[in-house]
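Questions regarding the structure given below will be posed in turn.
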Amino acid sequence: MRCAVLQFPGSNGDIDALEALRSFENVTAELVWHQEKSLDSFEFILLPGGFSYGDYLRCGAIARFSPIMQAVQKAAASGTLILGICNGFQILCEAGLLPGTLIRNRNLLFRCEERLVRVETSDSPFTKKISSGSVLHLPIAHGEGCYFAKEETLQELHDKDQVLLRYATSKGEITKDANPNGSCENIAGICNQKRNVFGLMPHPERACDELLGSTDGRMIFESILDHVHHGAGTSL
Amino acid sequence: MSSLSSSPQLTPSILAEQHGLSSEEYQKILSLLGREPNREEIGVFSVMWSEHCSYKNSRLELKKFPTTGSKVLVKAGEENAGVIDIGDGWAVAFKIESHNHPSAVEPFQGAATGVGGIIRDIFTMGARPVFLLNSLRFGPISGDSLRARDNRQLFSGVVAGIGHYGNSIGVPTIGGEVYFDPSYNGNPLVNAFCLGVLKHEQIARGAAKGIGNPIFYVGAETGRDGLAGAAFASRELTEESKADRPAVQVGDPFREKLLLEACLELLASGCVAGIQDMGAAGLTCSTCETASRGGTGVEIDLDLVPKRSADLTSYELLLSESQERMLVIVHQGEEATVQRIFEKWELPYGLIGRVTDDGKMKVKRGKDLVVDIPARTLADEAPLYQREAATWKAPAPLDLTTVAECDPIIVLHQLLAHPSIASKQWIWRQYDHTVQTGTVVPPGSDAAVFYVREANKFLAATSDCNAIYCSLDPHEGAKIAVAEAARNLACSGAVPIGATDNLNFGNPHKPESFYELRAAVEGISEGCRAFDIPVTGGNVSLYNESQLASIDPTPTVALVGLIEKREQITTQFFKEPGDVIFLLGELGSELGGSHYLLASHGRKEGLPPRVDFEYEKAIHKQLLSLIRAGLVRSAHDCSEGGLAVALAEACFGDSNKAEVKLFGACIDLGKKGIRDDVALFNESQSRIIFSTKAQQVEQVEQELQASGLPFTRLGSVTKETILSIQLDEKEYSWSTEILHQSWFKAIPHLMQA
Amino acid sequence: MKVRITIMPQAAVLDPAGVATAHALEHLGLHGVSSLRIGKLIELDIEGATEEELHQACRDLLSNPVMEDYCLEVIS
Amino acid sequence: MKVRITIMPQAAVLDPAGVATAHALEHLGLHGVSSLRIGKLIELDIEGATEEELHQACRDLLSNPVMEDYCLEVIS
């Protein structure tokens, strides 16, 4: 799988993502500077975490005007898999590739810790190798990760089965305590209607190595790999 | 040369006095220059000869530190930060730095720019910053008084500021320390530590080498930020200085991230002859220091400096402390490389001058010569003072009969809920400690452990200082700071390789304060010599006084260690029911300066515990040998709150996890014949509790017996969440769930008020 | 041209900072707060741009139409 | 009482968000920006407070007098 990890001024999860990807077999991954204009040669595009343009104004607001984002739009339209992690998720929302928006955590404090997320559906290229209802241990690290969307949008997310991850308890219950940031309906990650663009606040790339306490992030990348190599056909 | 003629009544000597230069210092300037200085030159001398830049009151003391060693690649004082070899061609650069006064004025920005400053110090060395620590002190945060509210605001502002800068730039904050004590009312301490990693051949030098080489200014435009800030940091904090508004600098971590990447890219290109960050005293300090180090001169033109507004005066440009700026000297002919890289990273830059051969710092504004001073006189010929030190009076030893024996059941709750002992997760949860995917042991255990993937090395780091001990006995307190830091490293499986220290003291003109400074330096030196740890650099922050009094002497020690193998990484948390718990070291009995005395009796007195380095070292060596033999599942030292607190903390699992594990422990201390409160809460040094698998107990006991060191088999880890301690005939027991609540919720509760 | 742009969160959108600030005001003894919203104020000096271009910038960049309303005033 | 409070960074104080936003506008083709500052706008509905109390709250809580200036307007 040929992967691009986009690098915006202020990205800081770019190297983490690159290394996580390279820990899989049959993967090549490279950094792509935000001034580049084409992503045609890649099968998978990752928008990493960080503070693009300092996250000034609004998270992701300035990055979405980077030249590379036109190539991202084009890739999204053509069905290429695109993953936005944390700041990458915020950029995808600002760019209109995902609905809704991410605002400041309800208690206004940055939060860095491990959290549990429930996989809502296996019916996506990003979760196809994970049975729905499984609970993953993933680190979060954000100050503006409260997912917000209007009623109609939330309804549509439900109707089209676009919510892929929710903050949950170890038993998979969706509770207020399990929600670290006040996200609507405990939403931690969503995809678009075509199901090829996925944004999430937790950091799967920080959970790919035993040393770091969890390898649950690998399942997301394995799903992506499987999808790219075997196509949409295979599932659980 | 401009003169002061415009205002006849303002003679240079009056102006010098207004800049805090003494009359002897002014005379020295006259003889160095052979003429009267102008306004700009007085400004330049005043900042370069301030305590902050010149260490004029402390340098003679600092010479006492051991600074050499076979692993030292760059020694303390040579450059912005020391560099230590970690093997296989890799090295680490690290340093601690204070931002106390700016944080008192504006906690968020003061702390943020402190982090920014220390990160620049590290990448100036050519190293990629990989983690941060922070050492903090505030006045008490409990209660409804105005003071407590102020302290809470300072505390939350500082933590948010540190988080803001570190999180944005993507350098994880993986550890630190914080204490709350009335001596810090109105004068909080904010010390930030950064460590970076580099290959030996990547070490960059802050020297202006190569006559004719171009000098570039890169990074943020200069504004009026922190004008006179360097001088400001060397004065006492008064009500007036709070109105010193221009001294507030705003940090821009985004700019710094770009500057960091651009500088590392530039350094990798091989075209850099010298590089220096602009910290305190900005342009002035960086130009004369690089010239002095290079044995050269520099000539720059202020018209070419990128500016926020065109009307900045020469004086302002020279003394501004705007953040996120660097001075880079490149080899002739490489101008285009600089241009390409800085344009890629969208950073302002300017070719502002050249390296010269006349040893002078010459500053022009267009055609006018504004400053003409021999560079060495500024950087290396600052006056040095030997201040008067008071003679020390040892405090009276504690008379135990005056200490009512409190119920241990209540005391343990009190101690665990004391903000200085309670869980600090409220703090580090606001710090991104997982970015860069190297944090193997996150904050919450004795020392943090970071994996440097490219070098395949495991680094451990900790910072420590019990200032109560230091206030009672600065020399012993400083020794303990080193011993405790080394012990924390040992508990994580690491061997110390280098130290950096931050000396936070009051006004050095007060003989008591100067004594404290000297005693602390000597204590740290003894400790570092004993452990064979070179001091690679540090920072001195004097004049830490509020309207009330000086702070408790606070010589913070940060140690960096190496862990040989992945399997040797150890944490303080019990791992499994049935594991057997040992105490390595004595049960102890020293109560002077203890947190028990403070939290339960409101007393800060007595003689603090003593440390014997030979014994302490033997304990660490023994623990490490057990760890290397694979016999240790957890290790935790006894520090504030003594044995009982250490046992409780070991029962609480890693709180960064989504599901926090809690254990209990069943402990029998046997017949001791000392008071229960003394047995449980004394703070004698050199003690470690560790756990081992039941099957390995015999082997452990054999090894310990052979070592001749004191040890006790305390009991075992239980699934049931009860901590029970048998002492003589009595048994005390606590629910670890409730203890955990007291400990975990203490700071969040206070901060919600 | 001097321009002032105000950007406010829409009524239906959560405003955590606004809620927290209202609470903090209560702690100060100001109890009667019935609504408090925090937005942004941008003051801009610009030459050579038309008002329409500025509106465009407000929609595209300065505000997020999904959750914010903006108002642009030319001051001089 | 409806109140509007505007809070702006003081002129001498660096405004990193303003700088970054000005850059972004340039990238959008609006080149003539000579100054851009971002502040806060607070809209407040409150009963039973005096104007003086509100000024006090502005100084103590809503603005940071060390680096910001505020302006309070009673709208109705």
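Going in written order, the chains are labelled A, B, C and D, and every chain counts its residues from 1.
As a convention for this text, a residue touches a chain if its C-beta (ideal position, glycine included) is under 8 Å from a C-beta of that chain, and two chains touch if they have at least 3 such contacts.
Given the structure is predicted, the values throughout are model-derived calculations rather than measurements.
Visitor: Considering A-D alongside A-C, which chain pair is linked by more C-beta pairs in contact?
Guide: Between A-C and A-D, the larger count of C-beta pairs in contact belongs to A-C.
Visitor: Based only on mean CA positions, could you tell me how far chain A sits from chain C in angstrom?
Guide: 29
Visitor: Let me have the rounded angstrom distance from the C-alpha centre of chain C over to the C-alpha centre of chain D, please.
Guide: Roughly 10 Å, centre to centre.
Visitor: Let me have the rounded angstrom distance from the C-alpha centre of chain A over to the C-alpha centre of chain D, please.
Guide: 34
Visitor: Centre to centre, by mean C-alpha position, how many angstrom separate chain B and chain C?
Guide: 40
Visitor: Mind pulling the chain C residues that touch 2 or more other chains?
Guide: 60-62
Visitor: So which bits of chain B are touching at least two other chains?
Guide: Chain B, residues with two or more chain partners: 252, 254-255, 346.
Visitor: I need the residues of chain A touching at least two other chains; which ones are they?
Guide: Within chain A, the residues that touch at least two other chains are 53-54, 56-57, 61-62, 65.
Visitor: Judged by the touch rule stated earlier, which pairs of chains are there in contact?
Guide: Every touching chain pair, ordered by label, is A-B, A-C, A-D, B-D, C-D.
Visitor: Please output the residues of chain D touching chain A within their complex, sorted ascending.
Guide: 16-17, 20-21, 23-24, 27-28, 38
Visitor: Using the touch definition from the top, list the residues of chain A that touch chain C in their complex.
Guide: Where chain A meets chain C, its residues are 57-58, 61-62, 65, 94, 100-101, 103-108, 146, 148, 150-151, 182.
Visitor: Looking at the complex, which residues from chain D come into contact with chain B?
Guide: It is residues 10, 12-16, 19-20, 23, 64, 66-67 of chain D that touch chain B.
Visitor: Touching residues of chain B toward chain A in the complex: what are they?
Guide: Against chain A, chain B makes touches at 160, 163, 167-170, 252-255, 257-258, 345-346, 428-437, 439-440, 451, 453, 566, 656-659.
Visitor: For the complex, give me every residue of chain C touching chain D.
Guide: Residues in contact with chain D: 6-8, 18, 21, 24-25, 28-49, 53-54, 57, 60-62.
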